[in-house]
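As written, the chain order gives the labels A, B and C, with residue 1 at the start of each chain.
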Amino acid sequence: MVKAFRFCCLAISMAFAAPALNAAEKPQRIASLNVCTDQLVLALAQRSRIASITFLAVNPDTSYYHQQAQNIPINYGTAEEILGIKPDLIVAGSYTTPATTALLRKLGHRVELFAPDDSLKQMRTNIKRMASLLGEVQKGQQLIRDMDIRLAGVAQTGRKPVAVIFRANGFTMGRHSLINDILTIAGFRHLSAEMSMARAGFLPLEKMIAADPALIIFGKYKPEHPSIAHQLLEHPALSMLLALRASGKKRDSIVIPSNLWNCGGPFIVEAVEKLAQKRKALLKAEVSP
Amino acid sequence: MSTLAVQDLSVVFGSNKVLDSLNVSFTTGSLVGLIGPNGAGKTTLLRTLIGAQKPSDGKIIWNDVDLKNQDCRSMAQELAYLPQGGVCHWPLTVERLVALGRLPHQSPWQKQSVDDSEVICAAMKEADIFTLASRNVMTLSGGERMRALLARALATKPEMLLADEPVASLDPYHQLQVMTLLQAMARRGAGVVVVLHDLTLAARFCDRLVLMNEGQVLGDGEPEDVLSEKNLAASYHVTALRGKNNGEPFIVPWKDLRHDHESERP
Amino acid sequence: MTPKSSPSSSPVSIIIDENAAKPRIGFSLLVGILSFLIVLLFFASLAAGPVSISFFQILSSLKGGDQSLIHIIIEQIRLPRAILAITVGATLGLAGAALQGLLQNPLAEPGLIGVSGCAALGAVIMFYTGISAVFALALPLGGIVGALIAVVAIYGLAGRESSILTLVLAGVAVNAFAAALTTLALSLSPNPYAAFEIFFWLLGSLADRSLSHVYLSLPLMVLGWVLLLSMGRALDALTLGEDTARSLGFNLGRVQAQVVIGTALAVGAAVAISGIIGFVGLVVPHLLRPLVGYQPGKLLLVSALGGAVLTSAADIAVRFVMNGPELKLGVLTALIGAPFFLYLILQIRKEMR
């Protein structure tokens, strides 16, 4: 009883404390140890306040904001590098190397951990929380509002074709993933979710072909450098499946840049819009084959 | 009658002249004993004759044709080789082992013909191992294995057989048996060249002896002439006891000439 | 149990059953049985997979089925896999028998003496540098060159008529070197997946191979088979040692070259497609040798068929063993082959005492 009361007091005081952050209290030296927190920091904070982001932030394959990330000091996720920068706020993913985050906390730094974006809901929560930590609540709310407007513009009526994402080695995402929510909002049925895949897993090529998806989303990473993992994505069986014109159904494939949904952020809208466009084309082709 | 001859044959290993301008010929229809001390070059000579060793100089001539110009396969039909040691790498049956002798007569994809089977049987009978035909070669005694390998050479039906110490590890009974067989082969018209260390066997069974020493021919001719005191001393560095039994010679190495035992006795 | 007088120079006599008698099973019958097994396993391989497909569907698909999903699965995914299991298996069995005949050494097999390892290295270099993306044949050719280098290295290290021990040691050295260079090449690849693909190359797999892999490797493998299968008589002659074989009309240099090139062509092409699948070339010839009366020549065809049987069976088994991603094929053959290898070693130790 007493504990609950104390908790309520704490919560209330924090709620009041948050908007009370003014310019002087905004963190001035922000360090990010995770590519997804990098994205949020780059989207919300002024460049001058960003002290360090990960090396993946400048990689166009993993980071949407790779251009903005240029010329900002980068780190490789080690505690030593971070200590040198003397940050006043460190943000990381909850799966970032625990040893590193624990050490930084032990040395007295403020480390805020963010759960991975495995749904649109979690993504929104993360954006709001980051915005509040950085003292940019307004900006955060604006980002979410703009995103919602664009998402609302996506058509929801009509048939929902089956889509699946096929990544290197036949890896795919399941029900509890950002990709699942993006596909759903774009007006698709998610094959992996219907096959009761929870988070992520391997989809045997045979099973995918037998399930007959209408849209295959190829997730490639550095495809110009060969690997057996990517060779699977070029299997002739897949191109034959896509060319199949039986039962009046059209099948297609699309490559969505991985930086659009590797992490949660306002940019996921672009992925949704690309997919929605593809859906429109698929439905149109069916009407007039 | 066919002749296998070497002209000025030399084989050099590094600085060691194993064969030194050798000139010797072997004809069919006779049993020739090739004798001499260890390292004289006897094995090297045989190996060079069958093409396993390349000569550094000189020629090998088979029936007036240089061996270099002869086809490998046709030579294999006429010349058979029995190496030292009796090597057989896999545990074949005797019959399969002897059948290997027919390889030179078979074209690449040809199966064993009825003729081949007859020859194989005849060879096994002649070498007196027909009763062991389905036995595993590895389970035979030394003498039996040597007879199996000999049968293999017989199965080739060669004009000339080169045998390197075929009786080396055999007991006296089998030594006599094999020498008798080789002599019978020669009587039938084949040429047989056999490397021997046993001087009595050489003297008794061979029509002709070739004594080698340090890569050269020391003596070539009738056994009695080649096995002279002088030759034995120069090559083997021994003296021998000689005698005759029913007209057949025996010769037993008696004293080695490098240390005189008599003078050491009190 | 030692024979009364053994030819001391032969390394083979030590671990062969000395009481081998005439083969109890005729050659034609043996070939027939093995061929029948291959056909059986071929269809079983077509029927095995995560999607259940009826036998009737398989047959109608093979007859030139309609363009349906099932047909795609059968023709594009399962058929290449079934074919490769047979061809790669035949290659490994045949190469094992040929090498053992040439070296008169029952432990000679492409995996153990490093031929497969170097073939994998050659293929890895061709693949990850992107050369094979431009010129597809570069992949099996890389494997072939690697295999050739390995055989030359083995001859250089172990010599011609070497003991079992020397040959195995030379193989260990070549394998270690090849594995290290392969891992290095994979680590240097810019693609992050490459480093994990060491499992594919060192343990071998036929999963998700396509018909293009079949077309790429089959002609070269067949060429290698032709070269090796025609070595029967020469290997029989070598039973009596090199000198006798020479006197029987066989040019030793040519025999060696033909076995080496044939092995390199077939094994190089196979490994480039499937990775290293070990022990098939060790187990199959050893098991089948007594059935052909220990004759090296006859063992060639029979080992090829036996290798196809073993590899096909193993490739079917890997699809059922685990629920998650498939077990790598080489793991299964190693689980069978390594204990077998240990058994051979124990036999050698017993004889050497």
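Please note the rule applied: a residue touches a chain if its C-beta (ideal position, glycine included) is under 8 Å from a C-beta of that chain, and two chains touch if they have at least 3 such contacts.
All figures in this text were calculated on a predicted structure; none of them were measured in a lab.
Trainee: Please report the smallest number of touch steps linking subunit A to subunit B.
Mentor: Minimum step count, subunit A to subunit B: 2.
Trainee: Relative to subunit C, which chain has the most distant C-alpha mean position?
Mentor: Max centre-to-centre separation from subunit C belongs to A.
Trainee: Higher C-beta contact count, A-C or B-C?
Mentor: Pair with the higher count of C-beta contacts: B-C.
Trainee: Hey, how far is the Cα centre of subunit A from the one of subunit B, in Å?
Mentor: The computed centroid separation for subunit A versus subunit B comes out at 86 Å.
Trainee: With chain centres taken as the means of their Cα atoms, state the distance from subunit A to subunit C in Å.
Mentor: Taking the mean C-alpha position of each chain, the two centres sit 46 Å apart.
Trainee: Measure off the straight-line distance from the CA centroid of subunit B to the CA centroid of subunit C, and report it in whole Å.
Mentor: It comes to 42 Å between the two C-alpha centres.
Trainee: Scan subunit A for residues touching two or more other chains and write them down.
Mentor: Residues of subunit A touching two or more partner chains: there are none.
Trainee: Quick one: in the complex, what on subunit C touches subunit A?
Mentor: Listed in rising order, the residues of subunit C that touch subunit A are 49-51, 67-70, 72-73, 76-78, 127-128, 130, 132-133, 189-194, 196-197, 200, 208, 210-212, 324-325.
Trainee: Help me check something: in the complex, which residues belonging to subunit B touch subunit C?
Mentor: Those in contact with subunit C are residues 47, 50-52, 72-73, 75-77, 79-83, 85-93, 96-97, 100-101, 103-104, 106, 108, 134-136, 138-142, 145, 149, 152, 156, 162, 169.
Trainee: So in the complex, the part of subunit C that touches subunit B is made up of which residues?
Mentor: Residues 3-7, 9-10, 12-13, 16-22, 104, 230, 233, 236-244, 246-251, 289, 293-296 of subunit C touch subunit B in their complex.
Trainee: Report the residues of subunit A in contact with subunit C in the complex, numbered from low to high.
Mentor: Touch residues, subunit A against subunit C: 168-170, 202, 204-207, 209-210, 212, 221-222, 224-230, 232, 235-237, 240-241, 244, 246.
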